[in-house]
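Okay, so chain A shows up in both of these, paired with chain B first and chain C after.
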Partner chain A sequence: MNNPTVDRTRFRYPLRWRVMDSLEEGASLIWPRSLSRHTGWLLLAPALLLVGILVLGLVQIAESSLHTLDTSTYLPSENYTGENYLTIVESATYLRILWRSLLGAALTVVFTLLLAFPYAYILVRTSSALVRKGLLVILFLPFFIGQVVRAYGWLIILGNSGAVNEVLGLVGVEPIRLLFNYPAVIFGLVQYMLPFAVLLLAPALTAIPQEIETAAGSLGANWLQSLWYVVLPMAKPGLIGAGLVVATLSLTDFAMPAMLGGGSQDFIANAIYDQFFRTANQGLGSALALVLVAIGSLIVGLVFMIFGAGTLGMGAKK
Partner chain B sequence: MANFKNGLSRRSVLRAGVAGGGAALLSTLPGTRLLAAEPAKPAEIIVRAWGGEWVDALKAGVSDPFTKMTGIAVRHDLTEDNEIQPKLWAAVAQKRVPPIHVNWDTTTNATKSALRGVTEDLSDLSNLKNTLDLAKPVGLDGYPIVNTYGYVYVLAYRPEAFPDGAPTSWKALLDPKFKGRIALYNDGIGFHFPAQVAGGGKLEDIPGNMDACWKFIQEVKAQEPLLGEDPDFTNWFQNNEIDLACTISTNALAAKKNGVNIAWTVPEEGCKFDTDGLWVPKGLPENELYWAKQYINFAITKDAQQIWCNGLGLPGVVPGLTPPADLVGDPSYPVKPEDFEHLIRISNKVQVENESVWFAKFKEIMQG
Partner chain C sequence: MFMSDLQLDSASRAERSVAVSVRGVTMDFGSGSPAVKDASFDVETGSFLTILGPSGSGKTTLLRMIAGFQKPTQGTITIAGKPVDADPPNRRSIGMVFQKLALFPHMTAAENVAFPLKMRRTNPAEISGKVEKFLNLVKLDGYAERRPHELSGGQQQRVAIARALVFEPELLLLDEPLAALDRKLREEMQLEFRRIQKELGVTTINVTHDQREALVVSDDIIVMDQGLIQQHDRPVGLYRAPNNLFVASFIGVSTFIDGTLTADGLKVGDLLLPGSATPEATLGAPARGAVRAEQLRIGAGPEALAGCEIEMDGKVEDVIFEGERLIYVVGCERAPDIKFQIYHHDPHSFDIFEIGSPVRIGWHGKDMKIFNHDA
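Moving on, here comes the complex of A and B:
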């Protein structure tokens, strides 16, 4: 401390610096400094490769969708045709399944956001560390249990001989069929989607300073007015992001309709599975898959156009 | 099962082989000559199978004795039959070695693969000459598949729901007191043909005119049936969700073994009788193809069939098998020609050629 000058001859670089220098030198052999302005593309390359593979898969699916199945040889037809798409459009069954899937996704978004918003709000605003930790544990526990196991759990709890009906039986109520219908599917989806929605909403709510709510209160707004005119508009990016994720996951869900729907509440994913694996009609299955991709993309595109990308836009302007 | 409990002696396995004759694997040639004639043995062969009691029975009756006899390990791949199918088709189309050696499959599914040309010809299996006609796939040339047993889609019921005795007709499904408490397969498999009869139609009209079938299924739809797959039926009976179901007798038997109070019957309109089989996908190396075929050849010996089929509670394809004691005289275990009078068997070729149409029609009704 008495002599602040550094004895350069005796200065020893920390080991970490030496390692980083070596790595940098090694990296410059593979990616010369002269190419540094393209480094962004280099970092993007894995993502582009992944998207490229997905696009390639979609192209193959599109090609497959243009062939019908010859049931005398179980081979796809040689010629190209739009017959599979015509089958979908003309089929009351597929239109019904499409409508059921869309309505199911919409209902799931509404119910999930209604439940997720207060949960996320309390999680963010509570001053009790214990409450926050408790809420986080409850939120994350279901993540460790797969979707199929969770659906099976509901079969046990809501079945005719399940816990709910047993409790009802104690007060003299005959067993009620709680499973194998549309509400059961929506219930399962909402329960499955809730953690996703809370996790997407929480950052958006954290970004709203509590002082703004205090200010609204000091200007005469009651709790409800503060929520409606201040918090909800400011939480819109989170609501949009969460809504989009929940909608797309619900629209493409397979397990909940299959397990809680009793076989008569199919979503599009179930119809696609049937064509690929049950009737071996890959052309029709591919056409259904592309219709699903198109509908999902259209919905996401419309939401982006009307409301922006929400938290999914990572702070970018609309 | 007695044989399995006591263990198979090498002598009994060789006896089975001698009965089959022909193939080097099962011949009476001295060991040294046998080895000289055999292609190189792979370390293992992979057999696709259904899980649970299905694979247990296959292991006890066929795979373990085969390993004991040949030294070739048998690995069971439990990928669903519907899901392995596109993988096999893709492997053959791309001229790759397929992911399994032997596919244990429904004859209907296997027929699709045969029509597509991805199955090896099994006509040269020496033990085929000892089998019943049931082993031969109907409507196909040669033996792209070897049927290994038959099964019946019975009307399974909860006995306490029928205090006056077993239901005698499929029309029991229409009884209002069973609304929401009946179950079918989610693709309608097993139900179309008895529905055709129950709806007032004729079997001869299949596939040309199945209006009676669809009319009856429409009426069943009004009863809000549950639609599922094999494991669902056991669960539903066990959890008191259903009283009646159209299901394979093996599932009903398995549920009964698990302590579920369940019985089954063949109603007056009849029940669908179908078969499962074994086949070998194209594209295997020569030596592996040889041993895959020998696996199937062994599976149709009397000793293998006795244990395998008893484990499943199903009638095999070789004569002289002893039925399990609790299935003697059971309508789901046909043995004599008169046992088949109430069973409906339609060519698998007709089934696969019309499957897409029937499936679409069934879905149209049930998803409504």
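Moving on, here comes the complex of A and C:
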């Protein structure tokens, strides 16, 4: 009424559509319609390129892992040898580091999932928009703080004169060494992985209709039975996906063992770093790196073999 | 004769036991008018009650309160003689078939059916016996190992009903489980639900917006609208003697005629149409008459309308072909605002009238019900 020139009954071509039209026109100049059969490959190309470069790098690392360090010249040996791998297998230190990394990854997965599941469940199921928003903000907040900064923060909080010991001191407890031990590393890892796990679990829980849980209740299940017999099995794709991501990230983590372990709790990544940048033994470092890649691939492969790639909720729903 | 049948029924009704008793139940979500207002009714043991109403009528809320998913703001619900107001759903001995079935996708048909028994810590031997018996009851022998996604829509319905009944609940609740099925399957499953219900004799409350389903499966029907129970009656009673205009328009196809109620019938302009007024209708007040499509007669001349007290000349304005019948839409000069809808069931004379044909229509005075109508 106040603007007589605007005819409200007329169809107005949305601006968004106009933008899409010009984009399409531009795209058809670069990529003619006759090539549209191959569009899928075009879209995959950048990803394939990146993975390809990674594979090239791996080949180079594999090559250098077959040369030992000549201690007289500090150059890699000319001849090919498997000695670096022998060194790893025969060294109690490296086996201990391997075991520590694997156990650390396993413990981190268990604790992270235990903590992430209820968080994700409440996030998905709460009827209060305020609670959901609050949980989301708390979830994303740590993402703005880098891993190293966060580890440093824990150094301050858990240190001998840190906040935790200060509070303990108030109730008469002598300062406890909370840092530079295995539990501190696991603690740091769990704290770091929690948001990832929640983000991966939430869609899996959203996919479980509320009505299914209502049905379980009406059929006589209490909340624990409903969780055990219905929710957990149905959340399996999310649990496996989250577990896999947390496991691989923890297994290869560097900052937490380095900072919260204080050099006494090295993971494989720390050992690799030492070989490359401290002792300059490229060959041994490369061999360790390849061992790590192999172990990681083995774990992922095993999980896919046991549960099938489909359990991650990808591909056609079967 | 029909009325005496009904009276006999109600006489023997008093002797039967009541499985569910709803007294003064109100649900107020606090937004606008209550979803359910002061609902009171009894369900006889072993009978099949349908709560029928359009969406938003409060029928699902009423069912959810009986199931225990929602607590009534006021009133009491008694199941098998025991007030259940304080009991959560899992303590109410209720089997429920959900709108989307809510089968457990990770369990086989047999595991789905076994679930309520497992939750009750039944011993494994007894579980397998009962699962077999109930899969047989719903005609799913041989499908025990299938998962829900490997079953057809009708088979999934059967699993859902076996799962709701296997623990022998006092009460079976059906929350529009058939709404998503195509018509043929829906009609087949309606009869299946009724067969299973009669075979087990389990008291059943069904919720639907499908009037045909309500008429086909139920012993009793409650019609709801705007949170209020409009009528509670046997299907035949409901169809033949609707209480009010809402029930008359919700069930069946009728032609409505607005006028004023007089002692001799409905006065529309200079026409006086005889009819039977409901007790609530007041003389001299605006009223609306309703004649069902199957009670209107149509013919080329007066001879086809033997016995009709009311006759009018008209013209066919539209012919709607529905397969087993035709609907003629007829307009009359003497009542220009009314489009009469008339069923024609004789398959041998489907083509006698075309659009524009002059016809004569009529009806028996007693077939027109007259209701109060606040215009």
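One rule holds for everything that comes next: the second predicted complex is superposed on the first by the 278 of 318 C-alpha atoms of A that agree within 3 Å, B and C clash if a C-alpha of one lies under 4 Å from a C-alpha of the other, contacts with A are read in each partner's own complex, and residues count from 1 in each chain.
The definition used in the following text is that a contact is a pair of C-beta atoms (placed from the backbone, for glycine too) under 8 Å apart; a residue touches a chain by one contact, two chains touch by 3 or more.
Model, not experiment: these values are computed from the prediction.
For the composite obtained by superposing both complexes on chain A, the positions of chain B and chain C are free of clash and fit together. Contacts of A:18 after superposition on the shared chain: neither chain B nor chain C is touched. In the overlay built on the shared chain, the residue A:38 is in contact with neither chain B nor chain C.
In the overlay built on the shared chain, the residue A:133 is in contact with neither chain B nor chain C. With chain A as the corner point and C-alpha centres for all three chains, the angle toward chain B and chain C works out to 160 degrees, nearest 10. Between chain B and chain C, the partner in contact with more residues of chain A is B.
Following the chain A superposition, chain B and chain C show a smallest Cα-Cα distance of 46 angstrom. The touching residues of chain A, when paired with chain C in their complex, are 209, 211-212, 214-222, 225, 229-230, 233-234, 236, 317-318.
Across the complex, chain C meets chain A through its residues 67-69, 88-90, 94-96, 98-100, 102, 104-106, 115-116, 118-120, 149, 163-164, 167. For chain B in complex with chain A, the touching residues are 80, 82-83, 85-86, 112-113, 115-117, 180, 186-187, 224-228, 235, 239-241, 352-356, 359-360, 363-364, 366-368. Only residues 69, 71-75, 91-93, 96-97, 155, 159-162, 175, 177, 179-180, 262-264, 266, 271, 274, 276-282 of chain A touch chain B when the two sit together in their complex.
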